[in-house]
Each structure stands twice: as C-alpha cells, then as structure tokens.
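Common to both upcoming complexes is subunit A, partnered first by subunit B, then by subunit C.
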Partner chain A sequence: MSGNGQRRKVFNSFFYSFAGFLFLYSAYLFLSNIDQLFVTEAAIKTREVTDIWGEDREVLNQFAGGFWKDVYFWKSLNLTLAITLITTFIATILGIPTAYALSRYRIPGKSVVEILFSSLIVMPGSVIGICLIVMFNYGPLWEMQNWLGFKFAHSIFPGMVIASLVLSFAFGMSAWKATFDSVNPRFEQVARSLGSSRWRAFRTTTLPLAKSGIVAGIILAWTRAMAEFSAVLFFCGTFRELPASRFSDFTKLLQMDQADWVSVAVWAQVEFGNIEYGFALAFVLVFIGGISVYVMHRIGAKGYVW
Partner chain B sequence: MRNVGLRSRGGWWPALCIGTTGCILAVYILLVTSNWIYLGWHDTLYFFSKSRMWERFWLTVWTATISTSISLFIGIPAGYALSRFRFPCRYLFASIIDLPIVVSPAVVGAFLFGITTRFPFDWISEFYGIYIGRNVYGVLLVQFTVTAAFCARLMKASFDMIPVRFEMVSNSLGAPPFRTFFKVVLPMAKNGIIASMIVVWARAAAEWEGLMLFVGATEGKTDIMPFAIYLDWNGGMMGWVTSMSIVCILMAVSAISAMKIIGGRSNVW
Partner chain C sequence: MIEIKNLNGALGEFQLHDVNLSVRKGEYLAILGPTGAGKTVLVEYVAGIFKPDKGSIMVDGEDITSLYPEERNIGYVPQDYALFPNLTVEKNIAYGLEARRMPSEQVNAVVSEMISQLKIEYIRHRMPLNLSGGEKQRVALGRALATKPRLLLLDEPLSALDENLRTEMARELRRLQRDVNGTFIHVCHNFEEASDVADMIAIMNEGSIVQTGTLKQVMDAPKNEFLARFVKSQNIFSGIANGSGLKIGETALVKKNICEGDVIVAIRPESIKISGENNQKGENLFSGTVENSLLKPYFSEVVVDIGIPLIIYTMKGETFNRGDKVNVRIPPEKIVVIEKL
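== the complex of A and B ==
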C-alpha cells in the first residue's frame, strides 16, 4: 500500500512540476522587469545629449519616468477605460441577441458562421487591422464617410470603438453562445406553453439562468478590449504628437485629446526611448489584466475561450 | 423558424435576434473578404506566385510548429494538473499562469526584453552560444511565451470534459496512476488534445505583437507573415499586405475548420 502512495506522490509531483514551471515562468517574466522602472545613469546621459525632451527631462529622470505627473498618462488611461466600456456595452447589446439566435434558431450555414467567429479568435491582429483599413478606406464605405463628413480611420470616436469592438464582440459572443447552449430550452418551451410571449419567456427563464455566464462574457469582452493592440495601431495610430487643433471640443471636454490607447502607448514610449515610462504603463496593464482574470476564475467563468 | 413572424405575441424578440445576427454577419463577412474585393483575382494570383510570399509562409509554418510542440510538451501535463488537482490559492496561481495571454501581447514582448538578459537565460545563451533576441530564437521564445499558457488553458478544458470517475475506477482496479493517465485519460482526451493542438498552432502562427518590441523584423530571417504585413504596410506595399493577409485568413479559417471536423468545441475549448 505504501508503494501505491509513493507512486501517487511521484505522479502528482510530475504533473505539478509542469504547472509550476509555467507559473514560475510567468511570474518571473513580470517580476524580473521591475528594475526597468529605475532610471539608469546611461538613460539620464542620453537624454542630456539628445535634448529633445526639454523641460520634461527632469520628470522623465524620476522613478518610472514620473508617469503619475504626466497628464498624458491620465488622459490615456481615461481614454482606454472609456472606450473599452463603450465597446463592452455595444458588444453586450449586439452580442446577446446574436448569441441567442445562433444558439436557438435554425440559421442556414450555421457551421460556417461558427467557423468564421472562431477563426477571428486565432486571426493575427495585424490582419484584422488591415481588413478594417481596406474595408473603411476604399470603396462604398469610403464614399459614405465622405458623404457623412467625418472619417472612421485615425479617429478616436468611431475609429477606436470599431477597432476594439471586432475581437471583443467575437470573444463575448462565443462565451454567451456557450452559456445559452448550456441552458435547457425546455424551460422556455414550458413558459411559452403557459402563455408567455417569446420575449417574456426569454426574460423570465433563460436570462436569469444564464446570468453568471453573461457576466463572465461581459468581463471577457472587456478584458479582450483592454488587450487590443494591433487593430488600434493599424486603424487609429497614435495621437500624442498631433496638434491640438486636430481634436474636437468634445474630445477635449472628455480629456481624451493627445492621448493614446495604453498598450499602443507602451510600444510608442519604449520605441521613443522612455523605457521606464513604457514599463510603468505596461505594469498598469498587467495589474488591470490580472484583476480581471482573477475575477473571471473566481466566478468560475464557463466558456472561457481565451 | 415557423411562427417567428411579428404576428405572434412577443414575436419582435426573435425577429430582433435574427435581424441583428444578419447585420453582424454581413459586417464580418465584408470585413474578412474586403482584401479579396480590394485586390482582385489577377493580382492575387500574381502575388501568390511570388517566392517571397512562400518563403515567409514556410518561416511562419515551421516556427509555429516548433513552438507548438514545445508548448504541448509543457501544456498537456500542466493542463492536467490544473484540471484535476485541488490546492490552496488555486485561482491565484491559475490567474498568474494566464497573465501572458490576458495582457496585450505587445506588453509581453516588452517584458521578454528583461527576462532574456537575466539569470537563467543569460547563462543558457552564453553557455550554448545562442543569442536570443533579434533572430529566429527570439521569434520562437515569443511564440512559446504566448502559446504555453494558452495551451495549458485549452488542455485543462479538454481534461475537464472527461469524468473523473473513469480514473477512479481504473485506480480502484489497481492500475498505477501513470498507467491510468496513459491508458485511460490520454486516449479519452485524444480528440480534444488534437483539436486544441490545431488551435494552439494557429495562435502561434498569428502571434506578432510580441515580436514588435522584442525581435523586430529582418527581411528573410524573422519576418513571419503577420509581422511582414506590418512591415510591408509601413513600406506602403499595399498589394503584398493584402495578399499576405489573405493567406493569414486562409490559414486561420482552415485551422479552425480542421478543428471542427475533428470535433473540438470552439465554445468551451
């Protein structure tokens, strides 16, 4: 019997070691970069020599690039959170009826639709970005924008929402579809036979049963919108260096002018040479992502499709 | 779809659902096919006949294959451990394992900067004389980092679908745990594992954001296809960009179709 226990121990530690390796790798990946936040002598000297930062140099030479003193950081965070919330809202409004229809009704070519939405999840972000650019900047949609008088690409308001919506919707929709698939349609049929209308049957039986899954899908859609990078980079680009006259009064009122999508800002700052600043933004993103994924695990998100 | 019309009571709800689905589908299909519409048939054939395209394609395929096999080697046991074992602070550990796929991959690429110049990696690269950075090893490391956690996640879902009862029965009949794993669990999870493997491969072939800061693109060395799209886009070569994104779309769609044929479930994965 003790031999059996020994075997069990070896077995468990074998499998634990692989999970532990992944855990240690991931933890070390993030923790080993904490010293990137401290400014090195070399960076200070480089900033003196190149002299393109001017007055801001004193702030940039502080710990983590003094990111909390920079209005750009707060504006970017404001922009990203606001756009992701709008995106999640739109994705929920459009996604729940779509998921319900795909889950319950007989739609011709349903397997093709499923393949389309699933393949969006493994499509490169750059392809999504290029598709958006080609779709909106050529042909009839371009004519439509000329007629409307404003451009979708390289703009904050429709542009960033569209760019983050594409994948956020696809992820949220598959989670909601999985949730509706797991709810037995029989409850709804019983409610219908007792005289409820179709909408009332959905609202009083399926929706409460699917509640936790819907919440999980909302969190998933929001997290994916926060993790968006390439579609925003291709479709919207960066806004920091643009002149103030480029932004409308509405964007200025919302404190979104001359601000970037946070993950694009990480890239832009690191490329620009402000390594500490870029890593500070990156740690902010890691913190936000960590909280949302922890919440997702805690509520036991079914249909976790990452 | 009988009785779905607006006449039946509350019939606006199914009509709304189907209408929304139709609109969304039209937008997404237009999105995916826009490159074909833009490029036209003859230009597509022209770019597909160039060797530059297929060199990049094979680079993408073999890097994704290698990183997928490393990810599988680690991901299958890790997924089994995450699926079956119960330990304190399980959610915290699982969240940290999931972090590289949850934060933006561009950020992960920035973090890889730090890890390759620190303790185990600098020893390894010095000892073996490998430079991990602006070459193909850097590509493999980025792909591995992003897909390993993804693979563990998918494998956990595949193992979750198998009832624990079979293992219990096998153990109660006297089979040692390793024998149970290889003779009972793995054969039962086979379809799920193959389906997940295809998805992981597609995800590895789609990875490029991490390369942006960490690797950069060298023409003919590290320009895997999604990254080459960015590179040529900056060069203003719209024909190359659209034709390469057609290839990427075809890769993604065929991988997912293969997964569906094998019988993986896209929604719970």
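== the complex of A and C ==
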C-alpha cells in the first residue's frame, strides 16, 4: 500500500518536473528569439547572400523593421481569416447535420462513412492535397470546371476553401458527433411523444445540451482550417511571386492579391531565406491558436456558452 | 381501446413476431417477460419512436401505425425517465402543453394541478439532476399525464427504485391511473410488480405474446412450461397422463378428463394443503417427510418428499421441522396439465 503511494509520488514528481522543464525550455527558446520579430534594416543587411537563383531577388529585402509594416503580412492575414471563416461556415453547415445523422439514425453503410471521416484525421495534409489535385484535375470535376470556365486548383476561391475544408470538416464533425453521442436520444423521443415536432424537440432538448460541444467544434474546425498547411500548399501553391495581372480586380479590392495562406507564408519565407519573417508569422499563428484553444477550454470547463 | 395486430419488426437483436394485443379503455395492462423478450421494442413501436415492419396499431379505431410520435398523443415514460436536465420540474411538466401552444395561464393551471396531484410542490423549482429516484419518477409521470394522453406507456418505471419505494410507487401508479381514468401499459420483468398494479397481464417471450389474461387466469392456467416457470408454479414435473390420472415417476395423481401421453404437470405451492395430523379428506392424499422448512416474512416454505419433492407454501402459523411426518393433499382442480408438444 505504502509502496504504491511511494511509486505514485516518484512518478508524479518525475512527470511534473519533466513537463515543467519542457515548458520552461520552450518559453526560453521563444523569448530569447523574440527580438527577431523586431528585425531592423541593419539585421537584414548583414545577410546579403540572397542570390540563390543567380539573380537579384529584391523581394528578399522588402522586409525590414517589423513584419507589421509589410503589406504582404496584412494581406495574407486578411486572406487567411476570410477564407477560414468561409471554410468554418461551410464545415458547420455541412458537419452538424452530418454528425447528427451519424449519431442518431441507423443509416446503411454508416460505419464505412465513419471510417472514411476518421481516416481523414490521421491523413497528412500533403496526401489530401495530392488527392484533391487528382480529383479536380481529371474526370467529371475537371469537365465541370471547364464548363464553369475557371479552375479550382491554384485559386484563392474556391481552391483554398476546398483545401482547408477537408480536415476542418473531419475534425469539426468528430467533435460534433461525440457531442451528439453524449446527449441521450431519449430526450428527443420523449419530447416528440409530448407533441413536439422533430425540429422543436431538437431545438429544446438536444441543442441546449449540446451547445458547448457545438461551439467547441466550431472553434476546432476554425483552428484546424487555419492550421492547414500542406493541403493548401499542394492544391493552391503560393501567390506572392505571381504578377499583379494574374489577380482579378475583385481580389485586389478585397486586399487578397499577392498574398499567401499564413502557414504557407511561414514556409515560403523560410524557403526564401527570410527566417525572421517566417518566425514572425509563426508567432502570429501561435498567438491566434493559443487564444482559440483558451476559449475552447473555457467553454469546456464552464459547460455552457451563453 | 388499443388494438395491436400482427406486429412484426426487428430492432438490433430484438425481434417481434406477430404480436397481437388489445387493451380496453381505462385498463391497466402489464407486459411481462424475461430480459430480451422484446417488451421495450413493442413499447417503442406503440410510442412511434420506431416503425414496425408489418402489422398495425389501432387506437380508438384510428390506425396510428404510420403516424409520427407527436401525432399520436401517447404518453411515454422511458426507463431512465429522460427528464429534460436543462429545465426545472415545473418546466418539464409544462413541456408537452407548451408544445401544443396552450396559453400560459392554462399551462400554469394544469401544471399546478398535476404538481399537487403528485404531491411534489416542494420540488417545483428544482432541476432534475437534484432529485431522488422517486421524485424523478413522479415528475416523469406528471410530464406525461399533463397532456392527457389517450394511452400511457411506462417502460420498467419502478426498476430504478429501491424495494420499499417500489411498492409505494406501484400503489401510487394504481391510484393515479384510477384518478385520471387512463389506459396504462406498464412493462416490467417482475411478476410481483405486475401483480401490484395491473388489471390484465400479457406475458412475452422471444418476441411473441405467449399468454394474456387476468393475473389469476395466468397463474391458475399457464399455457406452457415457460409460463408455468415464469408465474412461479414451483412444482413442475414431467409426467404421463392416461385420461383420468397422472403418473410422475412412481407417484400417481388423480385428475379427471385430461389428455393422454407425455405432459408437463404444474402445481402452485400455495394450492397444496399440508397438515401435521391425519385429518384431510378427498383425493390425492399423500404422506411424506419434511425435507426442509423455511420461515419467510408472510408464509412458510416447506419441502415435502412424497416420492416427488413438493414445494408447499403455508400461511398457517404451523411450523414444521426437518424429518416430521406430514399429510399432503393436492386438490385435483389445482393441478395444471400441459401437453408436451
């Protein structure tokens, strides 16, 4: 008995000290590099070996004196926020009814659908990107794009929405399904036996009981869309280097031209040699993600939203 | 009047085969059966939660088989009561009335009446999470009865309660049913519980209704061996009948006008007369030795060997000890003979 308690004590102290070490070490790494967010022109000039492709890449030196002064950053953030909001909206509209149906009804082939959605969660984004390329560049979907007169791949809309939607939908749906699974279906059955329509029964019993899970799922879908990297990179690529003439007036009006998906921009900047810029963008993503997760936890802890 | 005709259906592992049942208005019917007999499935079909594959359900001459639950006006109290956890007791009871868009003064009046009828004024504003089993039960009943359903379905309503409360609630259910002159269908798996509440009982086994009737009818004349065991006949033997008598092993019993061949014999333990003295008259008199005697709360259970072991319940204050010589009489009219198929 006392041996057991002793062992637990040792385990706890080991666990907490290890977790504490990891936390402090990451905090140290982050804080010690925070000066890079405020990169000065002088710092950029110390790294002049930018002539990678044998030509003068002006673009590399555009960034100086803080990322927030760069139009590219704001346009990218604008683009990412706008597209992720659209993605989250679509994921919510499609995902909640799907999750409800999978949780409540006996649908033939339900387990196949569930396995498909669950397997999306464990799939790397690059695989999803490749699948989307194949899906949209051949066959009936390709014909459809020809008929519509514009291409989905390498487009901001709907390309980025499609690329970010896949995982956002899969994650949101698994959260919503778990939420609906946790609400006793008897509530709705009894509500209907008392004379409520199907919709009123849902609105007055399941919905109030599931609302925190639904909201947490929406936040999860949004953060997951925001965090999408490889699917967007594969399906849409980068836009910064493209000439301004490639963008429509509408895109320019929305301030989304020559901008990138933020997580793709992190990679692109690092690839171009702008490590600091990449780091700064990563910091912004960490900040947004951290706030979202905090909000999600608050909802989870309180068990209600409004 | 509820009439269920040839109801067939399957839900997961549970199946119903040709269920036929009728309940008269104002009648309290208990559906009994062992676990997995399909009782809950039957209730869910009647409530409209699931649709049967075949057959029809008629209420007062109206075919409701294809109606949605909200169109049936049938009250349903599930086993776990399913009180809405986000609403107070009062709001739970008002739920069905609000669904019917009843004006709020009327809702309040009905709710108050229901609450006083169920004697739950003191929990009126509480949330269901903080209620005891018996309180939850009352609220669930109130919620279902507030809308004045033409039929109330109770799925194992007493099984979540403790022993003492169960008898009290059974009495309460009976009283409520009489007060509202409602038609109740009560599902349970316990014979005693059914005997506490029901006018009529229907016994289910393996997805079919095997016998219906009053409690006494079913107890006195079980139709097959399963029923004899289910109604706790206790003394169940295999025997041979010869038209006017029975032979169980070496023991011969008199029973007129019966079939011939292999049969199952069932004798209820309380119908056997036992006496320490040699003063009994009539047919089927035996003398035997007491093998075991148990004093139960309201009766004694005595096991007597008369060539076959007989379990006998006696209400008399007489006590018997192991090894006592006793006289036993089995009234021929109390012997149930079931033909072996």
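Definition applied: the second predicted complex is superposed on the first by the 239 of 306 C-alpha atoms of A that agree within 3 Å, B and C clash if a C-alpha of one lies under 4 Å from a C-alpha of the other, contacts with A are read in each partner's own complex, and residues count from 1 in each chain.
Note that a contact is a pair of C-beta atoms (placed from the backbone, for glycine too) under 8 Å apart; a residue touches a chain by one contact, two chains touch by 3 or more.
Bear in mind the structure is a predicted one, so any value in this text is a computation, not a measurement.
In the superposed model, A:Thr205 makes contact with subunit C only, not with subunit B. More residues of subunit A are touched by B (comparison of subunit B with subunit C).
Residue contacts after overlaying the shared chain place A:Ser197 against subunit B and subunit C alike. Residue contacts after overlaying the shared chain place A:Arg186 against subunit C, while subunit B stays out of touching range.
In the superposition on chain A, A:Ser174 makes contact with subunit B only, while subunit C stays out of contact range. Looking at the shared chain after the overlay, A:Ser245 reaches neither subunit B nor subunit C.
Shared contact residues of subunit A with subunit B and subunit C: 196-198, 200-201.
For subunit A in complex with subunit B, the touching residues are 4, 7-8, 11-12, 14-19, 21-23, 25-30, 32-33, 35-36, 94, 97-98, 100-102, 105-107, 111, 113-120, 122-128, 130-132, 134-135, 138-139, 166, 169, 174-175, 177-178, 181, 196-202, 223, 226-230, 234, 263-264, 266-267, 270-271, 278-279, 282, 285-286, 289-290, 292-294, 297-298, 302-306.
Contacts from subunit C toward subunit A in the complex involve residues 47-49, 68-70, 72-78, 80, 82, 84-86, 95-96, 99-100, 143-144, 147. On the subunit A side of its complex with subunit C, the touching residues are 184, 186-187, 189-198, 200-201, 204-205, 208-209.
Across the complex, subunit A is touched by residues 1, 4, 8-14, 16-18, 20-21, 24-25, 28-32, 34-35, 37-38, 74-75, 77-78, 80-82, 84-85, 91-108, 110-115, 118-119, 145, 148-150, 152-153, 157, 176-178, 181, 199, 202-203, 205-209, 212-213, 225-227, 229-230, 233, 241-242, 245, 248-249, 252-253, 255-257, 259-260, 266-269 of subunit B.
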